[in-house]
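Given below, in the form of structure tokens, are the structures.
Two complexes, one shared chain (chain A), two partners (chain B, chain C).
And then the complex of A and B:
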């Protein structure tokens, strides 16, 4: 029962956020000096052609009607047609999403690994923790796109260890079923594809991971340290448990809550990072798609990407709540 | 378990007589660059199978001694001397050795069972960690009297009541048959009826398992109840040590005598001010040479400020660290009684002139977060109470009985769901809380804090008013320039009282204002409230869980159970000849020297789900069939048509008011 209610609540939240985002994008478009008809037809189009195009796009109707029309389409999973590609936005998104999803997921994994290493190393006062921390902080203080550029200069130009752009350099890479190259490579028995995809992922994913890694790592470290001085840890010590048993058996579960909510927050920032980094690395994902859509005021495409990321954010934060409730029995979703 | 004693390390000697010792133990901490001398040369031994009570005021080093014996003093401490457990020195031992000793020989119970248990681990697993297996954990939970132990194994700590949590802690402590259980204030966070249960459990376990117990407590009554021997600590040193009876009933040290005389019991003469130990505990950052007690000692001589006395045997098995001969110490009054506290006889209450009048107040809270999952907590279930002008009424009852909620409703901090709250004169009541330090703005000086309440006065008049208010609460004018953080607990509580009374309110509302204070400070705050009340003509409504405090501060006591007043009457009558079965069990659970408590079984019921009929019936020894009748409609009834005493119970003879019987503590 509570699960049903939880899903219901989150779905309602998603609907509200999507509505708000749709309205915001819609308003932005109306305020924008860019004219989609102009962008589509070029400067030399005749008055008549322009009027016809306006009508075809529904731009001659009242704004409220346009918005209502758009929302009605949304309900049926129809995001409209892109002005630029002239394909349904849904089709475009399906083509671009896997690349972005793979990049964001890899970035998240790297961020979490770094954060956990950072937090545990400094809580346990492991040698070299200070240096590791300094390196992380330094990396995180550099803007994402600069990180990308530095990375390319160093690891591609100078050492030639890593590729500088794209998802793969293998021509006949499998195209399905998941469209995530790392997985598809394994599924098709082509470890070379997976390996190659990983090499392509490493730089852009690390670039988006550093900032979140520091933020999550800090929160995790301070909650680990706080928990280690709590009363129940004293009790565990009095029982004769070892420090390792105490850390893994008692402290971690109590400390993850704060780090998990920080992760939820950071995911939003990571989306922004993904959009930037994709352009630096020529990554064929939503970032490139939206970068090409903005200059031509391709409203349906921009709105589609925005709504998709917004919904993903809601889903991820629902996952955060579920994980927190699993870790702490006092919280019920 | 990873930490095992090597076979040659296991002490197989079955004939040992001493479980643990402290030998000239010094423990020093560093805090903000200052050395904190927590223990300054303490030597004692804990005998096999005994319960040693360790008493003393806050900061005297009781907990530090316990933690050092456990080897849990932390890396920041500088330690000299020895603290041995079964012959092994926990100070010089390696981490692995300490751990092995804890596993094989030690158990620990700490004060707050909520924070001392891991909130995210099932209770069964936590016990099994110490017990080695689930079966053993289950056996232990049964041993310590956890009802339905099997299903409780999979409960989380927050799903248990405070008393049950402490039983779980005790189960962990006695796992693996330790030789010594170190219990640091194990009952301080518990209600008095539950405290009596837990104390009895500890004693029974000791008898059955043969382990020794180091019982750390600030409550001499608790020590008297459970300990075979008592050690009294003062400022990191041992003041007195001996058989419980000898130490508590024929004390040899001026400090112990002072503590015993300033102790609040149900037998204290409430027509006079409480005798209080003068002064305060010395700061552990700057220990003085000589006897640490000398600034507060009424028999101190010039030699006391130079020579630090060592404990010597004054009677067989009875040690005291004092330079004066026993006869001199015992013949002197160590405390300074002052004037009258409470009115002897409460007058009848004239409804029309009541300073505070509550009628059928109902208050519920929704608990649990999120939509539709709220449960209703019945905090107040129809409470009526009148406080006459100049009268003092105490509300007592265990936690969750609604006493603080009632006070907050009276203060206007909480609105009642239904019922009426009426204050005469309309001016707002003032409130004093338990944690006074937190309610004073840290960056403001005392003068500014007090001045805020008389802002409309001119500058000079305001300063004069502040000085007057400070002197009324017995603080020197210099305190005006200090910030709250620079004051001691007792001084802060006085500042709060000064703030509440600088503009004399018609009603002063107090929520456990003394429960965070040591005996001597508590006594002086209680005296102060009595004096302010007399001099300013205020009415007082005073919430406390402590019947002996209620008895001296109040003319009448109202006993609450699950959101209702079950008995109200003159303080002496309620505490010495209680009528309601619940009041009777409360009174008999108060630990004291020379008294055997009668133990009320069962756990306090939950206000989320009050039992039908008389809410007390599941725990009541006198309950009859009709007590659980949902149609019972129990109300407070007058006893013998008198205006003061009322009780809500269907099985009581209401024809006459029993005469108060004054309890005289034996040996005092």
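And then the complex of A and C:
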């Protein structure tokens, strides 16, 4: 019963935060010195045309009514029209999201693998753990774009192992049903497409993964070490269990909670990294879209990307909390 | 007869007399922490250290590092990359410090008011803080700068707006822990007013945690601001800015690598210096 109540509360909090995000984006749009009518019609429009357009956009109504319309639009998936592409922002976003989703998901997997390796290597004092740790720490102090740039110089220009830009180098790559090239390649029985997509993903995904990997790995290591000095571990040692059995059989399940929460929080950093690294690798995702929108002050497009990434972050973190509460009944917010 | 030993409060490490014992970890922490001052001096002295004007072409374009009188090469119109980086580091460093100071002041004030008043004020302020913390700060900052229009001041405002809640949380946590301590009750019984209790009896106890957080945060901010600048949300074109200088010259990467790479390395150097100094400050104030 308390579980159900917890999920309900968490869900309500999630909805409130997404509403607050929408209100913030709406307020920013109102504060912006850019006039949407001017942006649509250009500087030469007549007074009459401007008034008509203002009325058509609902800009002559009270601000509360405008916000109501805005929210109603959002619920129906209407994010307004882009000033630059003149298409609905939703249509644009749908075209760019799969590339970004694929990159972010791959980055998250790499970050988790590195974080787990880092935490276990230093907890078990594996030989070379110090060096691995130093490498990760240095990587996390380097800006994401520089990691990408170094990657291109080393693995593309010097060794020629990995491609430097885009998602694929195959001309007739399948389009659909998921629009994730790694999955579509498998679904269409084209392992060459999947392999090629993975090669394109490796560098940008690693570049965005290093910072979060260090943050997650640190939390995991400190909770592993905390658990290892607890009473039940002493009991298990006294029973003659090996360190490996203790770690995998007893400690991991108790220690993983904080690291899972940290992973949810690091998704925000990862989104920012994705936007930057897409410039470096010419990755056709949301980062490229927002970078093309910023110089021309295409606010609906920028607001759309913000709302999408912000909501994704809120939903992911709510899901993380619910999963944790299900896995560990001690956890309550 | 047992005599009670007088209880001596151990002095915090940073109050002990200075010694120059190079084997003591504390000496290294002091040296590390002073990197904050050293870097600030370098940033202040950027105009003196730069061999050339960062905005004016002074020689052949695209000279490799060490050629044509350019230590770190020249860019596509013959400006000195080293000078541009020094000025860019100056801007990044002060920007990070300004945002930290802003976050520290706003967040500290919110945390202090919330923690010391309790009740519905505490609840309201902390719900707002939680709302901010539940959103991805870097993504939110992009939207704020984009709506205000790209400029250096707007970037600082935008990042400060999303950066304070973290400090509010930390200060509020420390304050509410302290508020339950006997010395606060004693002060209240002695007739101290709420403001006096907050400023004299609560705030000093919350400062060390906030200072540690702030000093560990400088590196994060340097990286976050460089990312925004890289996306084109910083100063406009001729101004030397590390992220933007790298982004604008990406097309030169495979031929004249130093033009986009050197500004990126400058960001990394700043972040490493800030992280080492931040770690040292933490070791001085809060040695586990």
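Things to note:
Basically, the second predicted complex is superposed on the first by the 259 of 333 C-alpha atoms of A that agree within 3 Å, B and C clash if a C-alpha of one lies under 4 Å from a C-alpha of the other, contacts with A are read in each partner's own complex, and residues count from 1 in each chain.
Assume a contact is a pair of C-beta atoms (placed from the backbone, for glycine too) under 8 Å apart; a residue touches a chain by one contact, two chains touch by 3 or more.
This structure is a prediction, so every number in the text was calculated from the model and none was measured.
Touch criterion met: A:152 reaches chain C, while chain B stays clear of it. When the shared chain is aligned, chain C comes close enough to touch A:269, but chain B does not. Shared-chain residue A:317: touches chain C; no touch with chain B. Using the contact criterion defined above for the overlaid structures, shared-chain residue A:20 touches chain C, although it does not reach chain B. When chain A is checked against chain B and against chain C, the one touching more of its residues turns out to be C. By the document's definition of touching, neither partner reaches A:191: not chain B, not chain C. Once the two complexes are overlaid on the shared chain, A:327 sits against chain B while remaining clear of chain C. In the superposed model, A:177 makes contact with neither chain B nor chain C. Of the residues of chain A, not a single one touches chain B in one of the two structures and chain C in the other. Residue ranges of chain C in contact with chain A, taken from their complex: 131, 134-140, 142-144, 146-150, 219, 223-224, 226-227, 230-233, 243, 246-247, 250, 253-254, 257, 260-261, 264-265, 267-268, 271-272, 275. On the chain A side of its complex with chain C, the touching residues are 13, 16-17, 20-21, 24-25, 28-29, 31-34, 138, 141-146, 149-150, 152-153, 157, 211, 267-269, 271-273, 275-276, 279-280, 287, 290-291, 293-295, 297, 299, 302-303, 305-306, 309-310, 313-314, 317. In the complex of the two chains, the chain A residues touching chain B come out as 2, 5, 9, 230-232, 234-242, 245, 249-250, 253-254, 327-330, 332. Interface residues of chain B facing chain A in the complex, by the touch rule stated above, are 1-3, 70, 72, 99-100, 102-103, 106-108, 110, 112, 115-121, 129-130, 156, 158, 169, 172, 175, 182, 370-373.
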